[in-house]
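Across the two complexes that follow, subunit A remains constant while its partner is subunit B and subsequently subunit C.
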Partner chain A sequence: MSDIILELSQIEKSFGDVRVLNGIDLSVRKGEFITLLGPSGCGKTTTLRIIAGLETPDSGRVFLAGKDVTDLEPNKRNVNTVFQNYALFPHMNVESNIAYSLKLKKVDKQTIAKTVKEALELVQLSGYEKRMPDELSGGQRQRVAIARAIVNQPAVLLLDEPLGALDLQLRHQMQIELKRLQKRLGVTFIYITHDQEEALNMSDRIAVMRDGKFEQIGTPAQVYDNPRTSYVARFVGSANLISGTAYNMGDGLIRLETDYGLGVARTRGAQISDGQAITVAVRRESVNLVTQETPDNLGLRAVVKEKHYAGGVLQIIVSLSDGRELVCSRQGIDSPLKPGDHVLVTWLPDQGVIVDLEAAG
Partner chain B sequence: MKKSKIPSLYLGLMLALMYVPILLVIIYSFNESRISSVWGGWSLRWYRDLFRDRDIMDAMTNSLILATVSSLSAAVIGTLAAVGMPRANLKGKGIIEYLSTLPIMIPEIILGMVFLVYFALIRLPFGMVTLAVAHTSFCTPYVYMLVKARLVGIDKSYAEAAKDLGATEWNVFWDITLPLILPAITSGVLLAFAMSLDDVVISVFVTGVNTNTLPLKIYTQLKTGVTPKINALCTLMFAATMLIVLMSAWFAKKSVRKTERRISSEEASGIRNSVGLAR
Partner chain C sequence: MSAEIKAGPTEASDPGGVPQKRKAALRRFFDAATISVMPIYAFTLLFVVGPLVYMFILSFLKRAETWGVLREFTWSNYTNILKPVYLKTFYESLKLAFFTTFFVALVGYPFGYFMARLSATWKRRMMLLLMIPFWTSSLIRLYGWIIIFRANGTLDKILMGLGITQAPLKLLYTYSAVVVGMIYALVPFMIFAVYSSAEKLDWQLVEAARDLGATPWQAFITVSFRLTLPGLLSGVVLTFIPSMGLFFIADILGGNKVILVGNLIQEQLMKARNWPFAAALSVVLMILTSIMIALYRKVSGVKDLEGLV
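The block that comes next holds the complex of A and B.
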């Protein structure tokens, strides 16, 4: 248990009548890169602010390195934050911004100068000491904000959508840099984003949040390949969700009977009874569209509706008989299918994941 | 399409209406002749006379001391109010906030009467002290309103970031808030200084028998007939006031520029105008 650096226990928080956090539990290991992923309004920023001490939870406790810090002021916690808008002090230059926490600690001038220099080297901004924040680009401000937050050597670094304001190219570059920086510093990162790709790229673990609760916590592979709920499947993998009735076929396989045809899925150890109503998640890139009858009668009957070709990815939207839409995506090559074509939607058994079992059972 | 001349004519007329009298006073302050309506050639004679007049110099000293004391007191009170009010957990906070800007709205003559009655009631001897109290009270709203407007524009994440980095409330005020609102405070102080420097109505009520401020001196001299010396004095005061008001506007602009886009510049200049035009 000693390598648990941060622990949240049953955190609840309301603003007025609005319940923002609904009993949050989270354990973060030392040196871990954990991402809180969710849409805006799901409570991820509030969670971060509670860890930072900028908000007090209505109930529940926050433990930092085993110590209860729930009632400690933010300036008494060994946690630093990179704010969403960076919050660089506009009247201080880069050097003073980074040195601020050290000055408060009354660190001697030489050490401060050395630490600031190292921090700027780390974020590749050497020579920018005397610049004012409004003379920096978005990406540079972001680096200064990170430098300012790490000079204090916090036990945990909190990052609130730090890449949200950057353009796409810079964002990709900063993702890699941030990840490298985290590895080098060995500091625990708690990272907030609503961008699932960002979360999958960077994190050791992802905590998918919804309505003030964690829906699923796991490694990117677990969350992506094995979503526990339809919400996670849709939010993280943009998966197609297909509902129907399950029948066991043996060998850990089930047959999914729907109004449009047959599908398959693996039980992955779950106990499914014959006739049980289930939902199966199939990711877009796992969906196959075929025009000929399949040997074992598998496949959902659908009609091609639209085709989009963007950035090397082909997306084909098909609609089922009741108007529901499924999306199939392909890398590169165009497809001879055109709107109005009748197709069968199929996927491999391994790529059908049964979700929402807990909710249903 | 030919542009109509009417707008420029109208503008010229309005400017003439406002500035010709001032211009005349300035020109006549350099008039050699003793009689105001006769032009006797250029001269600095009245300025020389002015600086030799002990009474006027004493009044000027009084005015400068008074303006300095009251504008600085207003700076402290107004700033503390603007910074503290949002944190105060009071019932009827809105009413208090409204009341605190009332001195700008109340007619000066009534304010003067009120001060007269009040100081008499608490038996405060009339003189510099009563003047300073009265001036501070009507100067404070200017600082309060300007600082309040600036504070609205300061992102609260600065304070949060500072606390996150280890700052106490006290550190936050000195290191973050104060430097960011300083242009607004300065602008408010300069405005208050100008207001105090040229106040007559309230001063008439609260001054003592032997205390004269510059505007009071000018006012009493009018009764004995206008000498060109008064023209010279008015010219100097006009120049000083203009300088201060321009500086105030410059600081206010600086303050607005620093303000985040959240508070639009029209809004900020609206506040500035309402402060500038109210008196």
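The block that comes next holds the complex of A and C.
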């Protein structure tokens, strides 16, 4: 496949006794926006640094546009990074910061001036050429860092939690801008975040990372609707996880028998044997709470524990007989349910996703 | 001004008392913070400003035939400095100071720079190693150099033992011995100054430079060196100024062959008993060093000497 711009093959990396990357593989297509999503310490920054050449893997290879660049110095790679804290040169003004890579390449002055001007227009900072970094706001520094990284026309742009230091509102705005910018430039973005919402909003594909491995790689819809593991279900969708015993009901449906009652799920092609212990992930917004008896005795018996609003969303926390809690969320409407009410927790078969099948097998 | 603003609201609530302004001023005068710093002011006035003023006045007086000074105004102490023999001393001092500073920077900059890159434990160990010599009197440490430098001393024995030289070098009481002594005495100040500035260097900036296409050397020049320059400059000031006045190093390691401004002042004060001339020499030396500091501030744009605090 010729449109693969970046390929990681069996990358391993340890710092001292700590194994940070555990043999990761990744193929990135040209022009793709791919997000490495995971909690801090999962190895996503190390992955990025290995791609940039700032870190050398213990084993494994890095291919850029089909060429093995594993042992290439960072300055010899056609890759640029937007650092987490921007890393703008404090002794240079905006113009000099952006022109830095071009000056090193000995590009002529007119071309530099023109490129810098275009880059500043692109990030909507025209007129800020002479400002020093400490005279800029966080969002403006962010834009300068992006401008500085793209003037070199890198094959791949690496972004290490670029929005992490910005406030929520600005972050939403920058998400949209970054996505637009990426479409316009057609540059491949490898984006790091621990914010699942950011990942879902912006990415073409998401690679969910855990303990130095990719847990699942897929489109936002795949990762969100079809989590492969309980970890992905919890991290990306904050899903409820319900364990029990499976029994096939035919038509690709299974019945989930638990200590609290019955649930359902679709097999989606997986081979489940009767009596197999499985875990089903159900997202918070897919959970229904009903007070009447259901047909087929479906539903888990639970007691409403508390209700609260979180940003226009009503969350109802119910507890099962053994104290485990499930969360149900509803868009901004109040519910007649009150703490202490007995309810049945149900969901549609399509919304119960069986996870951890490979891990169990 | 701020006191007036503060007094504003209380005036309304407390009418007809002592005039508020005075009350506020008194309160400010007697508040704990002011009183606690008073001894420092008193000390500075008594032991720094006082002697300086005394020295300045002294430099315009005439020398008495037998002892002390005559209370008569004269410019002659300053015109005296313009004599070739004294001008030469200033020239020699400046030359030695430049030499010393150059070598101190050559040794101290890389030392301080790489020390800042060590792990926290090694930083502490290096710091301790650098501090240990200061626990011994600098005079005694200088006598150590005599043992090393003298004919058939430690250095000669090592060099001749290795067959590098055949005869003793006779380094003691030469210009080179003085330069080595100066470098030895002053290099820690350079190291500390560079270190404190290199410690603050954000290493991610160097990575950013490398990421943007800089070779290690280019990244060093455009980022690391540029950002540690204030440390180097303050190290230069911290080395250059004392090296003008460290008379005892030239005395002990240079015999009577190397005469510096510091030596001259000491000689005029202690041996020739020409206090006014010694004072005039000191004033000129102070002006020279003040110019250095002013230049430094202008170049680096930093108000405080890094590494001093």
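Quick note on the criterion: the second predicted complex is superposed on the first by the 361 of 361 C-alpha atoms of A that agree within 3 Å, B and C clash if a C-alpha of one lies under 4 Å from a C-alpha of the other, contacts with A are read in each partner's own complex, and residues count from 1 in each chain.
In the analysis below, contacts are C-beta pairs under 8 Å (C-beta built on N, C-alpha and C of every residue); 3 or more make two chains touch, one makes a residue touch a chain.
Worth saying up front: this structure is predicted, and the values here are computed from it rather than measured.
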item: Room on subunit A for both subunit B and subunit C (clash or fit); value: clash
item: Touching partner for A:104 - first (subunit B), second (subunit C), both, neither; value: both
item: First (subunit B), second (subunit C), both or neither touched by A:80; value: both
item: Partner chain in contact with A:152 - subunit B first, subunit C second, else both or neither; value: both
item: Which superposed partner A:120 touches (first subunit B, second subunit C, both, neither); value: neither
item: Partner chain in contact with A:52 - subunit B first, subunit C second, else both or neither; value: both
item: Doubly contacted subunit A residues - partners subunit C and subunit B; value: 52-54, 73-75, 79-81, 83, 85, 87, 89-91, 100-101, 104-105, 148-149, 152
item: Subunit B-touching residues of subunit A, taken from the complex the two chains share; value: 52-54, 73-75, 79-81, 83-85, 87-91, 100-101, 104-105, 148-149, 152
item: Residues of subunit B that touch subunit A when the two form their complex; value: 155, 157-158, 160-168, 171, 175-176, 179-180, 258
item: Contacting residues of subunit C [partner subunit A, same complex]; value: 202, 204-205, 207-215, 218, 222-223, 226-227
item: Residue ranges of subunit A in contact with subunit C within the complex; value: 52-54, 73-75, 79-81, 83, 85, 87, 89-91, 100-101, 104-105, 148-149, 152
